[in-house]
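Lettered A, B, C and D in written order, each chain numbered from 1.
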Amino acid sequence: MSTQIPIAVRNRVSERAKKTLDVVARFVEEDCIPADTVYEAQIGVGDARWEAHPQILEDLKAKAKSLGLWNMFLPKGHYKESPGFTNLEYGLMAEWLGKSRVASEAVNCSAPDTGNMEVLAKYGNEEQKAKWLKPLMDGKIRSAFLMTEPQVASSDARNIEMKITKDGDHYVLNGQKWWSSGAGDPRCKVYIVMGKSDPNNKDPYRQQSVIIVPSDTKGITIERMLSVYGYDDAPHGHGHITFYNVRVPAANLVLGEGRGFEIIQGRLGPGRIHHAMRTIGAAERALEWMLMRINDPKKTPFGKQLREHGVILEWVAKSRIDIDAARLVVLNAAIKMDEQGPKAALTEIAQAKVLVPQTALTVIDRAVQSFGGAGVSQDTPLANMWAQIRTLRLADGPDEVHLQQMGRNENKRGKAVTDKINAQKAKAEELRKKYGAKRTEIGSNIKHSKL
Amino acid sequence: MSTQIPIAVRNRVSERAKKTLDVVARFVEEDCIPADTVYEAQIGVGDARWEAHPQILEDLKAKAKSLGLWNMFLPKGHYKESPGFTNLEYGLMAEWLGKSRVASEAVNCSAPDTGNMEVLAKYGNEEQKAKWLKPLMDGKIRSAFLMTEPQVASSDARNIEMKITKDGDHYVLNGQKWWSSGAGDPRCKVYIVMGKSDPNNKDPYRQQSVIIVPSDTKGITIERMLSVYGYDDAPHGHGHITFYNVRVPAANLVLGEGRGFEIIQGRLGPGRIHHAMRTIGAAERALEWMLMRINDPKKTPFGKQLREHGVILEWVAKSRIDIDAARLVVLNAAIKMDEQGPKAALTEIAQAKVLVPQTALTVIDRAVQSFGGAGVSQDTPLANMWAQIRTLRLADGPDEVHLQQMGRNENKRGKAVTDKINAQKAKAEELRKKYGAKRTEIGSNIKHSKL
Amino acid sequence: MSTQIPIAVRNRVSERAKKTLDVVARFVEEDCIPADTVYEAQIGVGDARWEAHPQILEDLKAKAKSLGLWNMFLPKGHYKESPGFTNLEYGLMAEWLGKSRVASEAVNCSAPDTGNMEVLAKYGNEEQKAKWLKPLMDGKIRSAFLMTEPQVASSDARNIEMKITKDGDHYVLNGQKWWSSGAGDPRCKVYIVMGKSDPNNKDPYRQQSVIIVPSDTKGITIERMLSVYGYDDAPHGHGHITFYNVRVPAANLVLGEGRGFEIIQGRLGPGRIHHAMRTIGAAERALEWMLMRINDPKKTPFGKQLREHGVILEWVAKSRIDIDAARLVVLNAAIKMDEQGPKAALTEIAQAKVLVPQTALTVIDRAVQSFGGAGVSQDTPLANMWAQIRTLRLADGPDEVHLQQMGRNENKRGKAVTDKINAQKAKAEELRKKYGAKRTEIGSNIKHSKL
Amino acid sequence: MSTQIPIAVRNRVSERAKKTLDVVARFVEEDCIPADTVYEAQIGVGDARWEAHPQILEDLKAKAKSLGLWNMFLPKGHYKESPGFTNLEYGLMAEWLGKSRVASEAVNCSAPDTGNMEVLAKYGNEEQKAKWLKPLMDGKIRSAFLMTEPQVASSDARNIEMKITKDGDHYVLNGQKWWSSGAGDPRCKVYIVMGKSDPNNKDPYRQQSVIIVPSDTKGITIERMLSVYGYDDAPHGHGHITFYNVRVPAANLVLGEGRGFEIIQGRLGPGRIHHAMRTIGAAERALEWMLMRINDPKKTPFGKQLREHGVILEWVAKSRIDIDAARLVVLNAAIKMDEQGPKAALTEIAQAKVLVPQTALTVIDRAVQSFGGAGVSQDTPLANMWAQIRTLRLADGPDEVHLQQMGRNENKRGKAVTDKINAQKAKAEELRKKYGAKRTEIGSNIKHSKL
């Protein structure tokens, strides 16, 4: 909460945001976390899981609204609908949301809706906004974002193959999508779909379009849901969906034909910050559970509580360091985005994207280990957390893709630093002359080599 | 298979074992692996999963027997029931078994039955053998091993609290157990239970007894099953079981009161080798799946197949090195056990126990990553493998316990090496005198310190 | 330089500090780095190395003064002698100083003088200041800090044994010290010595005193200098020094008998930030050298420049991420120290202390590797950098000590988080009742367990 | 020594080798290690270091010969000059040699002479053998191997540029070499030089020749020696050498023009095993020093000896595991080489080449850390060991080159495993049909998707 904001960024957080942050923190700790297992229980078992919408979540949403916690993700300045927080400020809140399974949805800040709302708010026309943005902002419906396809390497979005063909005043979609997160939820009413309207365009970044598809359009089938390390993530879930001659009005196209890349690029920055800060929150919660375990007076392997084992204390310390470092990286990226926009902050965002999940996975895995058998089971939130966060090393672009990209970026300095170092060497040569200083290389007087 | 046996150990593998190994390898690749997903399908959904016993497994067992593959785990020399393989030889077979979910059971070599059969064969009396060992060896029933308890740190077995109270010619058991693997299976007919018959004995290693408890004894309740990262492992599963005044004949006691520790110690060696070699097999299979993915011509992120990305090739190479090293460690331990018995091989076994799961987890995680989204889902065996093997860093003693133990063991040399190094220093001093060699310490002529 | 200040902290850096930072950066890149190898050449060979004081350094000092770069380390507000920069602002400058061997001394900001000057400024009386602080601040003399002793584990300062005995109006010192950095320099005129004046005091933190000892006092002998991975660090160096009945006036005692701990505690905060930021600078320089190498058109193993090898690009990217994260951690600690004092910032400082050297060592080691053989030799600054920074995992307290300390600190939350989690569980139980939600545990309906 | 041979390979070690191994072990521990610091003292300081040949080494050589320890490296079977040990057997001895600086030379088994002797024994004609092999085998002279050049990426040997031009019955050499190890020694009388005799040959592996060059040939200049992390490795050292119109008789060519690659390939296998086993020995010695330190009763930070700190015990245990695993990898490679020749063992050798130095560096670095300040200084053998072994990640081919190579090799299985997995999937499909087992994909019955 507000007293724990890293000092380096504290002076950028408004009093109003601090107050809201405290409300968020309390709401999460006192209402949402206790609700998590209730929610899970209410979802039920078997096929019913995919039709569930537990009442407890609607009650939490009502409470959240009454507390003034709603849509905080929509950044100030950019959108009139925004409650007026910066990315930094919302980032700090997202950390708390990340501790609970239900919290993000309870305050209408959950993915992929957040990203989809941003797309509609930024690129949608008035009609699209009225029809889809409004109910999303009101938490009446949910949405999915359909880009990834099973038959191609989707980390390179140029590979996407879904066909979007103009037919009179309609577009017709054919193809398949998977990892459509949220598609399981019965309240998921709309898909934001990326596909190719102009597959032969010479510019590989102009072949794509993004189009709004109501989830109940004829020709759409949810073939199955994908599991994540044994978890189904119901009712939200991750759909494998086929499109067979799916017709939507041409008016559903966002921004214009060939502008798909532009749209998904714009979508990514803030979402990565949200995910990263939620992940930080999860790591913090894992650390708290670990602290609970290592102080459990009933758990004394080899005559000592776990907190007395040096190895375990080192895990605690390293976790603390790594989480704190990772948080600063995300917040720095959020500030950059606030001040200079997502484009200028690309590198900072990518750093957070890569660093945070790896950090959190290590922390959570230590917590799992400290719990013994209990750690991998349903009795702690840890195993599930780990599985969720493991996917963040893949989703929104695998680590390797970001690292190559960042490597290339950094390497752009290659020529400049080479020139600088060469100039420094030349200057040193000059100075050596000036001072009459002879380079004393060892062995340069070796006698037996003088013939 | 036999041509791939590391050259260092090949000369210890009999021709008969090599032939059997080849039969195992073929059986696993051609019969068991294809059966895995069928088995999973036959188990079904919901509560039914715990009553399932898919026909395909019985068919595989029949085939295995006809191929002469049965109970290979029971080491040669020690048991008359043994088919006559060394731990080394069976270890090599276990590697192949570890590639498939159903293979170990198909050849009646699956945990915890193997360990339980060893207990009965080694410590059971004739009656106990006839009643329980026989049907286990025949694959007619299954069994569970109940040591771990939720309310104490069970990695230190002295903490176990289950009460075993003599009452006439019966023992009465009260307490709870969890992580009772295999208890979910409807064919699980017998529990090998560890508890305290003499909790006040001064010797903390003499308080425990091991007793045979039929699973259908009154007073036993399976409260629930524990999940492993979202997987239920049905029908096998991991039970949380309560004992309320559970009465069993005194004749069910194994070996005698107060000998529980002795028994569980004897149980552990071979089982750890089996687990380790199965884990090596799993890692090999993960690597194969990864090789498939990185050579998939349809998957070309950024214009190249994955095999052309240097980073990915490095993963392949490192995986190869690490698996091969880990395998040698296990096989070396197996040989030591064969030649000098499990007690002499304690350190070697512990090394394998700690090294192998960590190695395999890294290899599997790389494979997951190479698959992108598919890696965490049900579409590859990888996510499930990872979860299973993650538990091996906890089960049978957490890493930390083994490391502390090994550290202490190694440190026993402390005094001897100190003496040796001191002797070497003294000798050097002598030699310096003899040769008139002055130690030339830098700075020892510093002028400004000579006042 | 100023344009590269992480955005998160930029708004706390005054315009004046930004300007000074740019001057520092330029001075380092254009004057100091080229001077480094000249300085090394001028030191010479053999015993002469310990009597050297190259002219080039005095010339740099003159230039630095003329540029207004002098004593920037002395934090604003606390000392009247300070040029008026915050720890944050000086930290940013220290990053640049850390790129060059001679830069810190050239601007009179080099260890251990900085720490010693702080001790004298903070705890010294007027006479002590006039005699020792003044010439140190003027760059006329140098100093050493003598705490560590060879015969005890000095990471725990309570073990220190140097005897400080009152004898009339003098103190007499007996004992030995090592790792007395800077003692090699002929200009090192004064030692700040920690020892025990009251070894039997019950409070182990009140046994020590700190006393000022002129380096030319009778009874002091520099026995030899210690090397660091083959480097002698001459003329600065690390002395092994014996004290035999060394008499100093009682007036040389700092602050009072028994206050040694208090003094060395106060000494540590800022110095750790300086070291950390210098280390960040070194890591940045290593990365630049690496970029030079991987873009060298003459170096094309296997037909490609190194920058085209995916593995190498990943090194670049990871280095970028890790350096940036580490820098934020240090700067956050500096800000905390600025705003709340070193005591409040203990944890943040310790985090920086542990994280930064490990990060830098990894980055530098990658750079070494990218250079092939050249990397370990005298032809790059890398091998020497690595050796220097490796010692930072030991000096000023080994990593392990800090980690244990931080672990214990963090663990103080143990009870509070346990209470919170238990309250959350209780609340969940309540909610389950309220919503009539039954916990659905898998396997709880297992039929074959219902007898 | 012989009782510590890993059990897996013990049965391949002849009684004679075991006895010799025990003699080696004793010779190293009792004679060589004490001699190490004496030798260092006798080398002296400054330029004299390059002219030194301490008497103690000649005395050790005499003693070694009298013990029957001489040229054990030359593998049995291949060379008539061999004392008759296998690579495995010598490998075990090399482990002991690696503990001492002088031991390898004392038994005439030190690099680069060993490799050079193998080249001459394998490819040299009788005259060449008489002239160069004989005195080398007798320990009368020493040699260097000159391949690497400063101006090109020499890890790819095709880049080598040294010109070898035929001129009548002479060859004339022009170019420069560096990292010519051993060139510093006054007894280094001969260079084995690789260069290009046919730079325009279409086959890039036929352009090179290897030629024998007496070190006192006119036109050769040792420009300077290269340092390794501050160590000069005198008198051996690593030379930077220029060749200006260096004429040698045509008879000095080895094997024939264009056969340079063939020769250096043949040279590499055994040498890598030697280096690897020596490195294992160094790691063992580091561990022993660490054990000494953590049992030092005078060193009790925070009230406990280091051996009582859990973290430190874990270091000990991990070091034990990692060394033992690495040793098995090397010995397995040695056996493969013994049984099937170096070519068949390429992968195994490369595994050892990459794995062992990394393992040893980690172990040594832990030992350094456990010593506190002393660890980085001249007071333990650790810092120097670390520096030596760090170079093994570069020399004889950098890690990255071997990893890429191994990755490509392993990937050759790509198609085969893909076919196998596909066949398994097809078989599974068949079985599913046969058993009427429907794949139960979660979510495939989602109601709200059925329109």
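Rule of thumb we're sticking to: contacts are C-beta pairs under 8 Å (C-beta built on N, C-alpha and C of every residue); 3 or more make two chains touch, one makes a residue touch a chain.
Here the structure is a predicted model, which means the values were calculated and not measured.
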A-C against C-D, pair bridged by the larger set of C-beta contacts: A-C
Chain whose average C-alpha position is farthest from chain B's own: C
Centre-to-centre distance between chain D and chain C (centres being mean Cα positions), rounded to whole Å: 37
Numbers and ranges of chain C residues touching at least 2 other chains: 45, 227, 232, 309-312, 314, 378, 400, 403-404, 441-442
Partner chain A, residues of chain B touching it in the complex: 45-46, 148, 150-156, 159, 178-179, 226-232, 238, 298-303, 306, 309, 311-312, 368-369, 372-379, 383-384, 386-387, 390-391, 393-395, 398-401, 403-404
In the complex with chain C, residue positions of chain B that touch it: 47, 50-51, 184, 186, 215-216, 218, 220-225, 227, 232, 234, 237, 239, 309-312, 314, 441-449, 451
Chain A to chain C touching residues, read off their complex: 6-9, 11-12, 29-30, 33-38, 41-42, 44-45, 54-56, 287-289, 291-292, 294-296, 307, 310, 312-318, 320-321, 324-326, 328-329, 331-332, 335-336, 339-340, 347-348, 351, 354-355, 378, 400, 402-408, 410-411, 413-415, 417-418, 420-421, 424-425, 427-428, 430-432, 435, 437-442
